[in-house]
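Structure first, then comments.
Per-chain residue numbering starts at 1, and chain names A, B, C and D are given in the order in which the chains are listed.
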C-alpha cells in the first residue's frame, strides 16, 4: 500500500498513519519530498481496507498496490489454462470453441433441432437455459429439470457438450448428472455464496462478466471459484451497461485482450447479449475472435420469431453457418483455428 | 404495444407484423400517415417480447406501453404503503425512519455500543451485517448465526428493531427468529430466486437498488416480492455506478422523488454506500430527506478506524447525533418529522 | 509520481524507469519490498504524462500524486472565493444565490415577464439564452444580439443581474456590454480555446460541468480560466450521463459537497437540466442547498407549455415562488440564508 | 409522434393533448383501448419537443417517431458515400483507409520520419496535431501554424494526405492551404458553431464521436455539417466513457456496424484513443475492420517514449507494419482490401 500525505499534513497525522500501517503488519518506508510525505507499506497483511486510510486526517490518497486476486492472475499460470472435456474437446488451446443454441429449452423438438443445427455448423457445445433469470416475474421462467434432461438427451444424440445456467445453490446437485459445464450469468457474478459452492464442484464453469463489473471485479469473483479448488473456469464478456441504448448493452470487445493479459483463464465473448439484435451479432462475433477470444457463446434458434425468450438476438441457423465459415478464414490471421 | 413501421416498409411487412400481434392476442388499430404506418396493439397478452417486434423486417421501432409491473405501481395503492412494526414503529408515514449501525457485527461489545449510540441518537432500527457479501474471498465474511443472536440481544436491550442482510435462500429460515426486517443488498437485487422466496415470508423487506439497475428494473424486482404476497416492502437508493470515481458510487438523489411518484412503496436513502466517505454522508443524508426520502440507512460505528469493513464510510457517533439534530429542523420544511 | 514495479520486473526494467524519472527532473526514492520495488518521484516537473510510465516494461502501475490543478485547489484560497457584482450582490457568501429564467429569450414580452417573476420570487439573477446550443440544426437557435439587448433592458428595469451562455469566442466581445456573467455550457466545458479567452475577460463566469466530466476535469477546465487571470469563477453541477434514462441526466448532488471540499470556487446546482422534468426540480433544488450549494440555476417560464425550448423542465412561476419559500426555511439548517 | 395516455387520464386531459398536437400541425389519430388512449400524430411539424408532451397531465409517455436527422440517414443515399481525394484515394469504397501518425507534430525530423514510416507501412493519410486540445492548461498545446506547414511539407514528400484537428472557427482559414481533411475531436462533436462553419467549407471532414455521445447525437451533429452543404463527411468511433477505468475509454466496436446501418457516411475506428495502451491497439484495430470499419485512425510515433503527448497509446513503427500485414489477410474475410 502507498499513502500519499497532503502537502499540509501535520507531523502527528503522518505519525498516526504510520502507526496504523505498522499495526496491520506493514513495514513502512517513508519518502519525504519538498511538498509531500509518501509512505510505502511493504508486506501483505491478510486484511486491510485501503479506503480507511484514504479518509484519515492529512491523507491525500491511498493506493493498494498488491493485486487483490492471486489465483486468477496471469502469473499464477503463465502458460494459460486449458480445460479438457470428457469427449476430448479442449478449451483454451489453439482452436476457438463454439457454443450455440437457444436462450431457453422450450420443447424436445426445438432443442433437438437446435442441437442438430449447432453440430452441423461446427459447434462443440449446445447452450440452452432450463432455469431462466427474468427481470419480470410474469415472464417464462424455464422448463427446469425437464429441460436439463432434454439437453442431455439431444447432446448425447449429436455428440455435443452441454452448457447451461445455474442460478441457485440448490440447482447445482440437480444439474450435475445432466450437464458438462455450468454457466454463471451476469446477474450472479457477485452472488458469492453461489460462486463459493461452484468452487467445490468438479465440473467446469463459465462465468459471465456482470453488467456493471469492472475487470478487477471479474477477477475477484473468479478468485471465489478458484480458491475453492475448481480451476476449470472460463470467463465471458457479454456487454456492460452504459448510456448508449441503441444496443442492448455495450459489448466491450477490449475486455477480451485485457483479460487475456491479466489472467490465465480462457476468455469467451457473447455478442448476442452484448448487442441484443441479431443483425449485429456476426460482425461482433468476428471482432471478438479478431481481438483474441478463446471461444464464442451465441444464441441461435431454429425459428427465432417463435422463441419464448431473446428471439430478437438469436441467429437464424443459416446466419450461424455463414458466420462459422467466415471465422474459419479469420481465425488463422490471429493464429487460431475454427473447427 | 405500438409498432412504428419504416417509411419504406412493404405491404407484406406490415401484414406480417399485424399477424404476429393478432397471434399474441392484441387488437390492432392501424394509422396510415403520409410517411409511415403506425400499429397500436390494444390488450394485454400475458407474454410478449417487444424486442422481437423491433427486429421484424420493415419495423422502425416498437414500444411496450403497458408498464410491466402491476403491484408495484403507484396506482395499485395511491395512498402509499405504511408498514407497522411490532413495537409500533411505522414506516412510510409522516415520520422519517432512521436506521443506523455498523457494516458488520464484530463482537458483543461493538454491537451493543452501536445499539446504544443509535438509540441515543434517535434511531428506530439497528443495522448490522451477520452475513457479508465481499468482493474478495479473502475479506472478512461476517459472524453468521452468532451475529444474528447478538443483534437480537442488543436490540431487545435498547428497544430498537433489527435490519440485516440476507444473501441466500438458506439463510431466511435461520434469520427469521432474530430479525425484524430483511435487507436485500444491491448485488442481489436481481437474484430472482431469493426475491421469490422473500415474497413468501411474512416479515418486511428493504430492497436496495442494484448498482446498475434502472428505476424500471427496481420496480420489476419489487414485483417479484409483491407477487408472492409480501407487501411489506421498502426500496432503497444506494448509489449507481458511473464514470465518476471520486465517490464510491454516484448517489442518485433524484431516484427518491422519481420512485415516490412511480410506486406506493416507502423509499429510503443510503448515502453511506452512495458516497463511500464519511465526510460526505451528512450533506447527502440531508439532501435525501429534502428530496422526499421516507427513511435513511446509515453506517455508524463506535470506532470507525477499527471497523472490520466499510470503516471509511461509517459515521462517528457524534456525527450521527449532529446529523439527526439537523434533520429534525429540516424535515418539517418538507412536511415530515424526525423522532 | 509513484511507480510500482511488477513483482517479476528485471533489474534493467527498474533502471530504465529510474532513468526516465531522473530525465524528467524527479528525485527518485526507491523502496525495495519483498515482492515489489516502489519508486517515488519527488519534485514537480512541468511536463510529464503518467500514462507513459504505466506502459513501460516491468511497470505494474504508475500514479500521479501532485494534483494537476493549482489555482483551482482549495488550498490556494482556503477561505473560499466571494464574487461581488456591481449592484452589491455577493456570490459565495452566506446567502444562497438564486438565478432563474427561461431557457431562451423569445420576445420582449416573454423575457420582461420572466424578469418580473424572477425578481418577485426573490432571485438575484435572470438567466436566458440568446445563443442556443441545440443538438439538432433544425431547432430554434436563439435570438442572438437582439436577445442580449432585451436581457439588459428588462434586468435594468427589474434590478436583476444577467447571466447568459457564451458558445463561441467571437460572441464574447458582443456580449460584454449587455451581461453581468458569462455562462459556459456543459458542451463547452472542454472547449479550451473558449475557456482561455474567458480567462482574459474581466467579467465573472459560471462554468457548468460537462455531461461526462469527472470532478478532476471540471477543476482542470477551471484552471484554464483562472490561469488567464480571471478569478471570478463559479462552477455548476447539472447532471451527468449514466445508464438511467427516466431522468434527462443523473443529477450528481454529491458533486456539490465534493467540489466545496476540493476548490475555493462557489458551487451551484442546476436541477432543471439535471432531471429534465419540472415536477422533480423542486425536491432536487432543496436537496442541492441541503448538500451545500452556494446557489441555484433554475429554468422558469411564464408559460412553459409555450416555451420554444426546454419547456418540460421549466418551472411554473408559482412553483418557483413556493420553492423559494421552502428554501428560506431550509437554508438556515445548513447555516445559509435565502433572500 | 405518439402519445400514450395514462389508464386513469380524464377526458379533458386527452382533449388538451389533442389540441396541442393539432396546434403544432399534426393530424391526430386516436385509438381507444380497454385500458388506455393512444394518440398518433401524423405529419412532420418543423418544430416540436416531445419532452413537453411527456409532462402534460394524464400523459404516460410520448415518443418521437420521425428520426430527427434527414441528410445523415442511410435512406438519403442508400448506396453509401464515397469521398475521392485529390490524389485519387477513395474513402468509403472497398479499400480500408489507413491513417496513422503521431498525436502531435513535434519537429520537422519527427514528423518527416512519421510520414515515411506511415507511407512504408501502407497508409494513405498522415495524422498529426498542430493545435492540441489538452485537459490541462499546463500541457503542451501544439506547434500551431508551424506544425501545419511541416505536415504539408512532409506529406508532399511522401505522397500522403494530411488529416489534422481543428478546434476553433478561426483556425479553419488558416488550415485550408495545408491540409486534406479536417478532424473534429471528440470534445468538439457538439461545438455546433464549429460544425456549422465546417458545413460551408469544401474540404472533407472526419468527425469523432463525443465521449458521452449517443449514436443519435453523432448523427445529429453530422447533420449540422451536411446541412451546410458539405457532404464529404466521415464518422469515427473512438471510445466512450464508462465505469471501466482499466482502458482509457470503452471502445465501442458495435457502434461501427450500427452506424453503417443507420447512415451512408463512411465509419472509421480509432482504437488508440479507445483503449489508451499500445499493446491493446492491434487487437482492437483488427476487431474494427472485422466489424466493418471503412478505415482506421492510429497513433504511431517513431519513438513513442519521447512523444510529447499520448506516447502510451502510440504504436511502435514495427507494430504498425505487423498490424497492416495482418489486416491485409483479414480484410478479404469481410469483403474488403487493405493497400
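Here is the rule we use: a contact is a pair of C-beta atoms (placed from the backbone, for glycine too) under 8 Å apart; a residue touches a chain by one contact, two chains touch by 3 or more.
Not measured: the values here are computed from a predicted model.
Farthest from chain D, judged by the mean position of CA atoms in each chain, is B. Interface comparison, B-D versus A-D: the higher number of contacting C-beta pairs is recorded for A-D. Distance between chain C and chain D, defined via averaged C-alpha coordinates, is recorded as 26 Å.
Centroids built from CA atoms put chain D at 31 Å from chain A. Inter-chain spacing, taken between the CA centroids of chain B and chain D, is 38 Å.
Contacts with at least two other chains are made by residues 212, 241-243, 245, 279 of chain A. Contact residues of chain D toward chain A in the complex are 212, 214-216, 240, 242-247, 250-258, 261, 274-275, 279-280, 283-284, 286-292, 326, 329-330, 332-334. The touching residues of chain C, when paired with chain A in their complex, are 2, 4, 7-8, 27, 29, 31, 33-36, 38, 40, 42-44, 60-61, 63, 65-66, 75, 241-243, 245.
The residues of chain B lying in touch with chain A in their complex are 20, 46-47, 49, 51-52, 54-56, 68-69, 133-140, 167-170, 187-188, 190-193, 196, 210-212, 217, 220-221, 223-224, 227, 241, 248, 276-279, 304-305, 307-313.
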